[in-house]
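Each of the next two complexes has subunit A plus one other chain: subunit B in the first, subunit C in the second.
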Partner chain A sequence: MKFSILVNEGPYTHQASDTALQFTRAVLAKGHEVMRVFFYHDGVNVGSRLTVPPQDDRNLQKSWSDLAEEHKLDLVVCIAAAQRRGILDEGEAKRHGKGEGAANLAPGFRISGLGQLIEMGIESDRLVVFGD
Partner chain B sequence: MLHTVNKSPFQTTTLQSCLRHTRKGDAVLLIEDGVLGALKGTDASGDIWGRRVEVAFYVLGPDADARGITKERMIDGINVIDYEGFVDLVAQHKTSQAWL
Partner chain C sequence: MSEAAKGTGKKVPKKFLYVNRKAPYGTIYALEALEVVLIGAAFDQDVSLAFLDDGVFQLANGQDTKGIGMKKFANTYRALGDYGVTKFYVEKESLQSRGLTLGDLQEITYEDENDDFKEKPSIILVSRAELSEVMAQQDVVLSF
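Let's turn to the complex of A and B:
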């Protein structure tokens, strides 16, 4: 079965991005397909490579990046939500004149638009929402 | 339909709103702070108890454990599941609604 996941809450807020991660792992463990994970609203903050949580705490950005690499997941960050919150890839950092090295989008994430959310809603068998 | 509730009924009215929209054959899964709704003998217990015949209730075990809510402290008839059980519930129901 084809699953898609929507994450609407930021990391270290309540629990939604943790639950979404655990749920996605379980979906993959059960042999289902994960078409896409879409990060919206404060959820885009999961995609910042600049987060440095304490060493004895979970690292949500790294956990998502590692899971994406292992399973070739499509992690999409909403462009409008990301720009408001200062999450930029190389292209966007350059376009907005933010200077060399300003890009902070974490490995395994890409920036795109709401069309990706609509598409996964249409093409997946199941869409599961996690948020605040 | 599967409904997920992630807020405590002692904090918001999310669980009550959810229960008002449930239909016969639906399932409700309590996750995150929503697991507090599974406690028996509270002001909120009656709402779940009143829907138990038509609706199946589930609690995400790891979230209940994290809050010290053991099976003995839960309303009778609530099923405790893990993340893989969560995935199965989503697969079994054509649609799912997250009550946030």
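Let's turn to the complex of A and C:
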């Protein structure tokens, strides 16, 4: 079955991105396909490479980046939501004059529009929403 | 998923329901949900909106955001009919428990292209039980 995942809450304050990660791992372990993971609202903060959680805590950004690398996952951060919250890739950082090295989008993530979310609903067998 | 959407060959529109549960201000959910609805309207799917819990306040009449410095987006709901978004399911129990009636909500209408472009109300009052039936009929439910 073809799944898509929507993450609507940010890391650590809410458990949604943890649960989404565990669900995505379980889906892949069962041999299903994950078409895309879309990060919206504060969920875009999962895609910041600048988070530094304590060493004895889980690192959500790294866990997602590692999972993406292992399974060639498509992790998409909503551009409008990301710009509001200061998540920028190199192109956006340059376009908005934020200076050299300002980009903070983590490895394995890409920035794109809400159309990618609608497409998930159209193309997937199941779109599973993780939020508050 | 509806049987029609499962078939091979040509794409049949899917039924999308956007569930609005939060007050318009205080958090960003209502505004960013509306942004999804506006983008989604370009994809020619069968779109419905649901308003329940504090989400019913999103449609309230007479919103004035000057005092809180927030952008007012309440008028955008009235424009959705032009984008083919014509079904606004509003849960009766949520209205009642907040002391609201249909008269406290904005008048939202659309022009029915299948009926000589007659102006018709977009808001459909439903009970909680009826809304759960609406939800059960959907292919995709996005909850905000």
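The criterion applied here is as follows: the second predicted complex is superposed on the first by the 132 of 132 C-alpha atoms of A that agree within 3 Å, B and C clash if a C-alpha of one lies under 4 Å from a C-alpha of the other, contacts with A are read in each partner's own complex, and residues count from 1 in each chain.
Definition applied: contacts are C-beta pairs under 8 Å (C-beta built on N, C-alpha and C of every residue); 3 or more make two chains touch, one makes a residue touch a chain.
Please read all numbers here as calculations on a predicted model, not as lab measurements.
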Quiz item: Does the superposition put A:Ala26 against subunit B (first), subunit C (second), both, or neither?
Solution: first
Quiz item: Does subunit B (first) or subunit C (second) touch A:Val129, or do both, or does neither?
Solution: both
Quiz item: Counting only touches as set out at the top, which of subunit B and subunit C does A:Gln15 meet: first, second, both, neither?
Solution: first
Quiz item: Which partner does A:Arg95 reach: the first (subunit B), the second (subunit C), both, or neither?
Solution: neither
Quiz item: Of the partners subunit B and subunit C, which touch A:Arg58 in the superposed model: first, second, both, neither?
Solution: neither
Quiz item: Which residues of subunit A are in contact with subunit B in one complex and with subunit C in the other?
Solution: 8, 127, 129, 131
Quiz item: Where on subunit B does subunit A make contact in their complex?
Solution: 6, 31-33, 62-63, 82-84, 86-88, 90-91, 96, 98, 100
Quiz item: Of all residues in subunit A, which touch subunit B in the complex?
Solution: 1, 3, 8, 14-16, 19, 22-23, 25-27, 29-30, 32, 126-132
Quiz prompt | For the subunit A and subunit C complex, residues of the former touching the latter | solution = 6, 8, 40-41, 80-81, 113-115, 117-119, 121-122, 125, 127, 129, 131
Quiz item: Which of the residues in subunit C come into contact with subunit A in the complex?
Solution: 1, 11, 14, 16, 28-29, 32, 35-36, 39-40, 42-43, 45, 139-144
